[in-house]
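Paired with chain B in one complex and with chain C in the other, chain A is shared by the two complexes that follow.
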Partner chain A sequence: MAAGARAASGEGARREPGRVHRFVEGLGTSAVDGARAARLFYSILIRTLYYSVRGRREKGAVLRAMYQIGNRSLFFITVVMGFIGMIMVYHSCTQVNRITGDLHLVGATFLQIVVRDFAASIGATMIATRVGAGIAAEIGSMVVTDQVDALRMCAAEPIDYLIVPRFKASVVMTTVLIVWSMAVMTVIGMLTAWGMFDVNPRIFWNTSMVDYRDLTMGLTKCLAFGAAIPIVSGYCGLTTFGGAEGVGWATTRAVVWSIFATILLNFVISTVGFYVFWA
Partner chain B sequence: MEERNLEIKVGIFVLVAAALLTGFIFVMGGISFEDRFEMYVDFNNPLWLSEGATVKVSGVEAGKVEEIAFLGGQLDPKTNRRVYVRVKLLVNEKVRGAFRADAEFYIANQGLLGEQYVEIDPGTFEAPPFDFGKAAQGKDPPRLEKFLIQGYQMINKIDRMLDAPDEDIDGLLVTVVQAMRSLDRGMSGIGNALEGNEQDIKKLLENLRKITDEALLAVHSARKWLDEGGKVDLILSDVRAVTQDLPRQADQLIERLDSTVAHADQLIGQVQGVLADTVGEDQRRQLRAMIANLESVSERAVGVADDVRTMVAEVRGDVEPVFDGVRQVMDSVQQIVRNIQRGEGTVGALLADEQIYDDLKELIRDLKHNPWKFFWRE
Partner chain C sequence: MIRVTALSKRFGRKPALDDVSVELPQGALWGLIGPGASGKTVLIKHVAGLLTPDRGKVEIEGQNISAMGEVSRQRLRSRFGMLFQQNALFDSLTVAENVAFPLRRLTSLGEREIGERVDERLARVGLTDFRDRYPNALSGGQRKRVGIARATVTRSEYVIFDEPTAGLDPVTSQKIFDLLHAEQRAMKSTALMISSDVAGLMTVVDRVGMMLRGKLVFEGTREEALASRDPYVRQFLRGDTEGPL
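So, the complex of A and B:
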């Protein structure tokens, strides 16, 4: 009895953690979780690159992924990028008309910004929303239904089996889709300028402000974004927990982090490119 | 079968993208299979020109800026010029032949806010070929900031000028208005005088022409008369001889005058001696006065002789140039009249060319209607 009372009084004497204590604890937990996540992401990245070179060759896996990522995204990307091109040219021409009224360089500057940056960054964002979400949902579902564990039990590496084909397909098809986006944006922008502002297509098609540096920057971004989206999405899928709700969250995280990755990579590549080519 | 369809669809898409990418690379990447040659252009300040910028010859794209090097004022021994920035251009071989020695190199803007490029005016066809062994001197682009500073300074000056006391500006304006009115009146008068009097003015000019013809004839006649038998030369030689003999004869004359005065003094002395013995006191006084007068006369004669000598010496130097001048004037007058008769020079053209009369009339009428042309040009 006495022992029970002491125990009760001892529990009662334990102090509740203060606000500062909880804040520091939360900070530490986040930091530890972040470090674990970064380590896991780094591990997935390295293993993806490794298995891309040394992994097994499953017949048709990459092709199916290419079809899913590329051909199935074609309509979505064409419509979205076409509208974005139209909006960009419309607003550019409107603003130029307010200032100088000289529209003959709108096409040249539009091509420059599309080739150097916008086709890749906006296109990758669109691809991330569609492809990234798909990859995360697919892998996340397999995780919550223990299919990934089953793969491991069969001595199949989930990264090699699930992420690498999508990684390869994404690197190729993101580039393909972004090049296609450049063409779509240019054509739609040209038609917009012609139809709404009476800018001759020959004048719009002015490549004097675009050179190999812009193309190099654009293509580098294509490859970087194409590589980042499946790895980030795959990571989100592989770290799914909690059933259907977890899959939903994994999908959301995949989209958010894929877009964040494209923007971050865009910043890094643009900065490096500026110092390499223009500084 | 389904797998094969998939492959075809993916393959077509990849091929289309590859074709597009290839097109982008060729069109935008500046890949050219044309032969190109290097040439160099020096600028003091190429502003925003960058490597890879377009080179246009007569407005047609013909190359790229390959390199921009800062030389910081190095002396180029080939051109003997200080070079600050040297731009290396890669230009299509096919335009090489168009370059001439008077080719000009600018840095131009694509539109108002566009990027800068090198514009080459290849020069006139008649000029000798361009020397590609030396760097050309380019013309620096206009610097907007300098233009703005100068404009700002000019506006300040105008502002200060306008801040001057109103009386000064009012006075200036009144003066200008008065001048304009006077000019207008003058032009009106001239215009009125000319209008309707064309025939009279024509006659006046005809008469003037006749007068000058007659004057020419008269000068010819005078010249002929003077030239006959060398009359002018004769007169001049006589004058010269006179001026040369005059001092010599004057000397002799003065010597004789001196000796005459000496004899006169001697004679007077003798007469005084005689008179002292024979005449009375009154007569003697009169004779003394007369002798004193004679002495003063002789002294004055000596002074006159000195003056004559001086004058002759001065005249001898002056007379000769006078006659030379007369001869030159006569020659000039004769030449002028001859020119006028031939219709040369302003007066000659005025007399000979009816178009000038019409032009003059048109000018005066124009100035009457537009008197402001005295102050500025259109």
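So, the complex of A and C:
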């Protein structure tokens, strides 16, 4: 029989496996896939850190990424964080009014929680939805159109060329955006307290409850979230398969896992911070 | 010499390559034909070290690329030029920047020499006037020609062309085949070429292989292929609608 005919006839095909066999096989495959994914993510994380120090610098790549991540997110972040500041102060004042009616510490507690946690965690979630999706979509499209393989053929390491500039830009611009978010939330919160509850801005602007520990926690979260979003999204982009549908799924995964990563990091940093500073 | 031994690869449950073995002599132009989804692109991606096989190996001049780490692979890949099926032009770079990209990455040439090489390549593929355009402003055929210019600009020892004439008219297709053939001869490079334009491909190749459902079902000289009695090879080469395919 000709070789072609042998291939076409599927000679040597085995008997179909049973249901239990398929279940066990599926379980094993999932476990192996999970372990592979974890190893790949770890590899991307380590290589991103390595190339951040030792990689090849593309002229203007970091600045372009900073513009994409920072400037293009500014309007979105300003509006969203402004509304969240307004809602937080409105509800805080409403609740305090019901219990004691003394609003003079609302500003102090609001500033503390914004600096220590809320600006970073809510801001990073917003950045993850916008920036994470963008990174995954761009890299994912490059994967499905073979551009990432073309980079490899030109001795351009995709992590160095695609993820590292976004990583550096994100660490800087996430911090800048979150600090900006703190300012926006504070100003809008102050105006809300003044306009709706007659709290004088000089009373609201009370930084007595904010100390170096809150600033350290807030800044640590900014840096950690800024680092996590591009690595998680880059991982999702680089593991894209299929066509346009695959890119869509990569984008969704990037948003979900970036938000998950920020929540997990928030928990870890808050716990460590509690034991270091307050316990 | 490129030697592929018992290469197998699965994507999920689906076998993409099944025990493929072949030897490509140095300086030969090897054509690879076969129906869609038969494993041709997967095979050449293994040869370029872009995929790692489940079993088997690919040796380039005796070095097992399949067992290498990424850094060693990258070093070996720098001896390859590759045209991808979808061209894989970088959207954010102009035509000239795309063609110059491998030179900037793989060579120590100065900007003036890079510019001259890029101009020469673009002239060879008839795209001199398009150097400052972005890929999304080009037609499919023009993008293909930019991809060819980028694949050949480094004058590599090994060149891989995945569908170099897809989307081109018959006259341009034959011109491209002739151009690639002439350059392969001039550079004494080893070339792998996948093409659905079987008639055009057969005018330039030294040897030809045929893939079918992940298996290499035929490998031999051009004359042997044309004289093959294998019904699959015969039907594919003749383009008959009647037959086992």
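Note that the second predicted complex is superposed on the first by the 252 of 279 C-alpha atoms of A that agree within 3 Å, B and C clash if a C-alpha of one lies under 4 Å from a C-alpha of the other, contacts with A are read in each partner's own complex, and residues count from 1 in each chain.
In the analysis below, a residue touches a chain if its C-beta (ideal position, glycine included) is under 8 Å from a C-beta of that chain, and two chains touch if they have at least 3 such contacts.
All values derive from a computational prediction rather than experimental measurement.
Participant: Of the two partner chains, chain B (first) and chain C (second), which one does A:Val276 touch, if any: first, second, both, or neither?
Facilitator: After superposing on A, A:Val276 lies clear of both chain B and chain C.
Participant: Which partner does A:Ala35 reach: the first (chain B), the second (chain C), both, or neither?
Facilitator: neither
Participant: If you stack the two complexes on chain A, which partner ends up touching A:Ala150: first (chain B), second (chain C), both, or neither?
Facilitator: Second partner only, chain C.
Participant: Using the touch criterion from the header, give the chain among chain B and chain C with more contacted residues in chain A.
Facilitator: If we count touched residues of chain A for both partners, the winner is B.
Participant: Please indicate which partner A:Leu111 is in contact with in the superposed arrangement: first for chain B, second for chain C, both, or neither.
Facilitator: In the superposed model, A:Leu111 contacts chain B only, not chain C.
Participant: So, does A:Val268 touch the first partner chain B, the second partner chain C, both, or neither?
Facilitator: neither
Participant: Would you sort A:Val24 into first (chain B), second (chain C), both or neither based on which partner it touches?
Facilitator: A:Val24 contacts neither chain B nor chain C.
Participant: In the superposed arrangement, does A:Met196 touch chain B (first), chain C (second), both or neither?
Facilitator: Touch status of A:Met196: no partner.
Participant: Residue numbers of chain C touching chain A in their complex, please.
Facilitator: Residues 18, 45, 48, 50, 70, 74, 77-78, 80-82, 84-91, 101-102, 105-106, 210, 212-215, 217-218, 229-233, 244 of chain C touch chain A in their complex.
Participant: Would you pull the chain A residues touching chain C in the complex into a rising list?
Facilitator: For chain A paired with chain C, touching residues are 2-5, 7-8, 145-147, 149-157.
Participant: Of all residues in chain B, which touch chain A in the complex?
Facilitator: Touch list, chain B to chain A: 3, 6-7, 9-10, 13-14, 16-18, 20-21, 24-25, 27-31, 50, 52, 54, 61, 110-115, 117.
Participant: Please name which positions on chain A make contact with chain B in the complex.
Facilitator: Against chain B, the touching part of chain A is residues 60, 63-64, 66-67, 70-71, 74, 100, 102, 104-105, 108, 111, 115, 172-173, 175-177, 179-180, 182-183, 207-215, 219, 278.
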